[in-house]
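Below: a set of structures, written as structure tokens.
One chain, chain A, appears in both complexes that follow, with chain B as partner in the first and chain C in the second.
Showing the complex of A and B:
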């Protein structure tokens, strides 16, 4: 087209008045009245105003992923289209910046790869999919649920596995949907942090970290088994600020992480021997009389026994042998830590993903406690907190249909966030099984077996352990329903996939398990295609269930997701955050009115109300009463396999996006040059990594960031022709703790072993 | 090809690419067969064709060749891009809007083919320089900018069913013919000037 005319047309298109003038001209000819009907509909008058030259509309959103930072987001929308996102400046934690993942959100919302419609697969894993209506999808699902009920006389054959794909509070409506159908089988627990949760609960009666923003007041910071440079970029600024103010920053990790690279001191601890290091330090503090006597006598229980244990069983030399860190360095570290005031330890989730993970956390807690650093601004044994999670869980709490039958055994579903543990008075309960052993539980559970599995906020075949065993277990299932955004390995094996929304198409509310901020998540754009939120799916299923069998589902059949967001608020939340109504959150996130130090009055939530070096509760639950040394898992292969988080993804989330692919388009195994040399492996060479449960192939990268006895690989991928998944090599061995507070033990993710060879 | 045939072809193509299932695919394909002057390859297994159609265009896996213009026109492939908005503006100038506004990107191939049908009808009934300019713009600066990339991508698919290939060929031939006719009009006008 002629350039001048093209430019004129572009001007016309961009201008409301010009477009209208054109249309008026057409209307005057009468030609529009004779147009054939088709897909496009006559323009509604009000619709014309949709395309104006107005300024951006700004919406409030929150990143709902399983991440320390839970960023407050500002979303800029024009013409009903999200143009870009920014970190909210109102939150001093988010402070106007997002991470590489958060900045890519528009690429997720508008990715052509999204799942757009309900679909059913003809032959599981065949790749032969039919597009179906929501009505047909719900017809199939509801028929199956009723069939299970008729066959088994209960609904325990319906299983739910759901975790942290979306931590928006209304998403607990998935659990609510299950409750509203009857007593079901729940995969409970968490693959993330349960051993540490239990450990901190034995020690302090809770899990409550200081406000991370108060780390600026620390004089000594040990980041132990965490990699915030990848996994909590917003906390790094407080660490840097503390250092500007004179603090020393130490990183303890088996890997020389990006955080370690920025530290004043990096100590490479043998994986899983964190407890030995903490206890060695503790013994040295005893010897040097650097124990805070006031704390251990006034605010603690069982310190004398702990000290006796140290004197009898622990030496610095022993700790040096166990950890690989020279005794002199252990002594110096202990002394520096004890003499700094305040000093803090950030206990990462990585170091509790071991068979002795809970014991390791207890040992570190003890070290922080005996130096009097608990209850202090700038101090603390920082792990996580649930202080701000006191919502109504309105979407989650649903009645069972009248006459429902269920499990007669003990227990009931638990969750670390919502705190619900089922109605202990009821005759029947949901049947709970370990989320971290999904394959084994499906294989072993009978009378009745799990016949149908509902997967939400979770990617089982990437996140869960022993991928090959999961595939075998799935063969036992009669129907798999996956609710997801993208075609991941779990959807690949589903019978029905239901398309769900991104945070920008959803109403919900979010808080963090690390910082103290509260963020509203507004629906910034309409849900694309035929996607639905989790609670809209629950309502639609309820309508279908009740049409087929009145009374078979108690979930409300018509809901407004904005109203349901509102229903999550209560006076306690308003008081904690100092607001009168949720609408105030439209102006930006707000921070809880809490002191920056946890346990500021040094009153603990333990049975004794003291810090418990000796925990009878721990003993009653089968652990040592004291924070004693517990040995790690016996190696079952020549090299330890470490599979931490990448900075480009949250497990498999985000990894499929084009922006991530641009920077990180291929998985590698990282190994020490010596380890490579002994096996004749060269940089960039294709290798096999294998162990007793599986094998993967990828290229090798040589780096002395990794110890000589270990291999490093980053989690999982999907899409873009790559379903690489480290959990092919990670078995479902349990960690020592987790069952007490989350219903199931964690997983020894970093107690895995493998060998490597040229492909 | 006369005007009626042309519209019938476009309607059939439009319906084919927005079909939800094998029944709708088969109906649109039959209509296309009526509208073209040769026999389309027969389809023995419509269910298999539906599976292929979904792998190419719908999902749930990342579709091999999504049929949204902005996937090909934006510097980085996405839906709801700037070019989507331009399509919406063109619809508006014709007094039209998508019934799925904001839930289905406006630059879905079938919506664009529907707009072509309306524009061609308008041109037949009451043409004007303004209408011609809009048609030329939509054809040359929009459709001709993305459809060839899309054709190329579809044709590169493994095991591409003959029935899908022929629909692409019919659409490509129509586009080429329209572009040629515009160019010859431009040449004529230039010559006259």
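Showing the complex of A and C:
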């Protein structure tokens, strides 16, 4: 019977078996790696015989992209080929399903567009790539490193920019590789969420969100400046369940987002005026005596001063003027929120990407705190957490070569995961510069200048700010090495590209900054072509360096990536997750044994151990001690330009795949019909969007989802010869906070302005 | 049909994330350029907000499939067990009659195989006790597979923008609600 079914299935799906067997034979002998990629596609990965899972080898993987959901994946492999993927059913969060991006993974792995071999480009941007051997690539790279050291008497001329392309813990081996070479220049900070991290640290001494799964217990949910319907699809089910149990769902956003469309109430706040709204609500709660007196007296510091500030400076009428939301709505919202128990606010990363983003997060935190919603299941000011990230960072922590010289100035490298490494204090340091101002930092940094740039887990030209300035800054660099999967805009400007792996060719371990699950990432298939993991690249470079100059690199020269994955575990992780060994993760992901509420005993990690409405630390770092109103950026153009996430991409990943183009093959600018009419723009027309730093053209779509004074474009790298890049129009203006915990302030990505005209 | 299974599309739960559409491609490694499942944006005064409500659509596994009736090779059959409409690839000669005759534009022509292909309700997965790939992956429970005989509250057969025919498409829909919207005073 099974056989019959199988035959039926094969017939139904037109499986070409002889061809598949032929290709598998090639794969086994390694011949395939040297063949044109066309042969790999698409029949090699046909997943036909789905009748019996026992016929597959099932591996555990994790999506390592910079995403709330960090899905636990089950990979189905047959004959050494990944046939298809599924979400792990063992995780109640992933719950058996991935997203549009995760479901494209087999295509990413077997994409004909992947970078297959080390290559060098004769003339940046020329596209004149020549295949080279790993030996030649490493020879060029190591010679340059030694040349820099000889010229400058230190290695500060070697710069690293790396971010969130792969959050697998072993990928911190890239930082380890840099350390193993000497003191280098590090682009530090994060473009993502630093203003909010600092804000929450001033208020609570940490950043620690409740378990998102406990949102089902919320009676009132405000999703504020977040769009989980695009960016955390797996959280939507908890919001729905809360509503089914009687909760009200409110979305506050400048845009009528997909999440807003699913809410009970949508409030179109003026961009960047979130703080005014929160403070107006807070003032109303004071007037209505709806403040949780027990919380603000027993568990908080400085509430009386905050209340005095509100009474003196804030009125609901003022908040209505600032935000555009009628005063009656603000009053009703505040009262409903305060009377619901528990009530929660999800503070999105979008709403802190402003020059006053940190201040706005503090104002919202205060609203949650004064209603006594912190430390409660179903409550909380939810932003993110790092409670489950206590790995060894074995790959990251490497010794400097003896006699290394470095930077004598202040500061050292930091990132949002800073603190786990226990980096030793030394006389010399790495030189740190702001990751969010990469162009300006390269242009301004001298003595020595950054001569060579290593780019890993990052697509600078797509994701960093002021694209035109970055291109100018890159001209100052003597050698650019990019490690990547695809020929993206950064690789286009590189001298050497090193091919790296997808999660399915890698051993690592992953956790989320949102949910509480831990996932193993096994090597499901052998690395294709000549690709290498980040740590294998580091080992190969070390071998080369030491061959040329013994002792010049401390990174181990032979490594086993599976063993290095194992080395990231420790007893703390085992205890937190209630497992005895990492091997148990082969049975599926596990969840941290934490209470669902953060700060369950209402003990905070602030200097006072209380919730700090008044933060001396904030004051010492140049901010207001209280969560005061901070004005937004002055407009530098007629329309606000908003460039949030697309549902089809994770920053510059996934949208480039041909499969994604089957559903979304063209970028648009979205504007209000009124705005369009005043400029004579019609639906579908080709337009120019321009501001002081750049210009971009695309077609227009008219929609009143966008306010009349704004333009909307989703950030993405489309690939496939499309040069759309929103960061051509986004400058590198800093947000107010971020330097305290991540080493550099964030970026005011949503405080950008532009105009639009017919092309 | 007694045992008709059907896709139930709860437009009110659907967030338009395209997970179902890509899950389908993932399950069968469908050729670039072809989608067996896709989303259609609701364009109707009942939901006047662009690209924020969607119908997730694949084959409707009709009661009287126009594709099967049109196929000169009789390569398309309807399963007794669940009413899934399936193309028998051994019989398909690529004449494209099913493609021109399906009022919902469901069958797609695969240039490489020179044959038609489409959603077959993952009947083999179902036989193995699993949900169709699209249904399993849906993160909000908006797309489910139901027995058509089972009445779903608020279910409609022909929502606005979905072609009305007499061939008995089995897909059922629940329409989206609109939130209360407070726009800025300007």
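FYI, the second predicted complex is superposed on the first by the 698 of 759 C-alpha atoms of A that agree within 3 Å, B and C clash if a C-alpha of one lies under 4 Å from a C-alpha of the other, contacts with A are read in each partner's own complex, and residues count from 1 in each chain.
Heads up, the rule we're going with is that a residue touches a chain if its C-beta (ideal position, glycine included) is under 8 Å from a C-beta of that chain, and two chains touch if they have at least 3 such contacts.
Model, not experiment: these values are computed from the prediction.
Engineer: After lining up the shared chain so the two structures overlap, which partner does A:97 touch, if you call chain B first and chain C second: first, second, both or neither?
Structural biologist: After superposition on chain A, A:97 lies in contact with chain C alone.
Engineer: One more residue to check, A:119. First (chain B), second (chain C), both or neither?
Structural biologist: first
Engineer: What is the contact status of A:222 with respect to chain B (first) and chain C (second): first, second, both, or neither?
Structural biologist: After superposition on chain A, A:222 lies in contact with neither partner.
Engineer: In the superposed arrangement, which partner chain does A:527 touch: chain B (first), chain C (second), both, or neither?
Structural biologist: first
Engineer: Thinking of the overlay built on chain A, is A:81 touched by chain B (first), by chain C (second), by both, or by neither?
Structural biologist: The answer is first: A:81 touches chain B but not chain C.
Engineer: Touching A:130, do we find chain B (first), chain C (second), both, or neither?
Structural biologist: The first partner, chain B, only.
Engineer: Who does A:269 touch here: chain B (first), chain C (second), both, or neither?
Structural biologist: Second partner only, chain C.
Engineer: Output check: A:658 vs chain B and chain C. Expected answer is one of first, second, both, neither. What do you get?
Structural biologist: A:658 sits against chain B and chain C alike.
Engineer: Indicate the residue numbers of chain A shared between its chain B interface and its chain C interface, in ascending order.
Structural biologist: Residues common to the chain A contacts of chain C and of chain B are 5, 8-9, 12-14, 42-43, 47-48, 50-51, 106-107, 658-659, listed in rising order.
Engineer: What residues on chain C touch chain A, complex-wise?
Structural biologist: Interface residues on chain C, with respect to chain A: 13, 15-19, 21-23, 25-29, 31-35, 38-39, 49-53, 86-90, 110, 112-113, 115, 117, 120, 122, 124-125, 127-128, 130, 133, 136-141, 176, 178-186.
Engineer: Show which residues of chain B lie in contact with chain A when the two form their complex.
Structural biologist: So the residues of chain B in touch with chain A come to 7, 11, 14, 18, 20-22, 47, 50-51, 54-55, 58-63, 66, 68, 71, 76-81, 84-86, 88-99, 101-105, 110-111, 114-115, 117-118, 121-122, 125-126, 128, 130-131, 133-134, 136-137, 140-141, 186.
Engineer: Would you tell me which residues of chain A are touching chain B in their complex?
Structural biologist: On the chain A side, the touching residues are 1-2, 5-6, 8-9, 12-14, 19, 22-23, 25-27, 29-32, 34-36, 38-44, 47-48, 50-51, 79-82, 106-107, 110-117, 119, 122, 127-131, 133, 486-487, 491-492, 497, 499, 525-530, 656, 658-659, 719-720.
Engineer: Inside the complex, what are the residues of chain A that reach chain C?
Structural biologist: 5, 8-9, 11-14, 42-43, 45-48, 50-53, 83-87, 95-101, 103-107, 229-230, 233-234, 236-237, 240, 251, 256, 258-270, 320, 323-326, 329, 647-648, 658-664, 701, 703-705, 707-709
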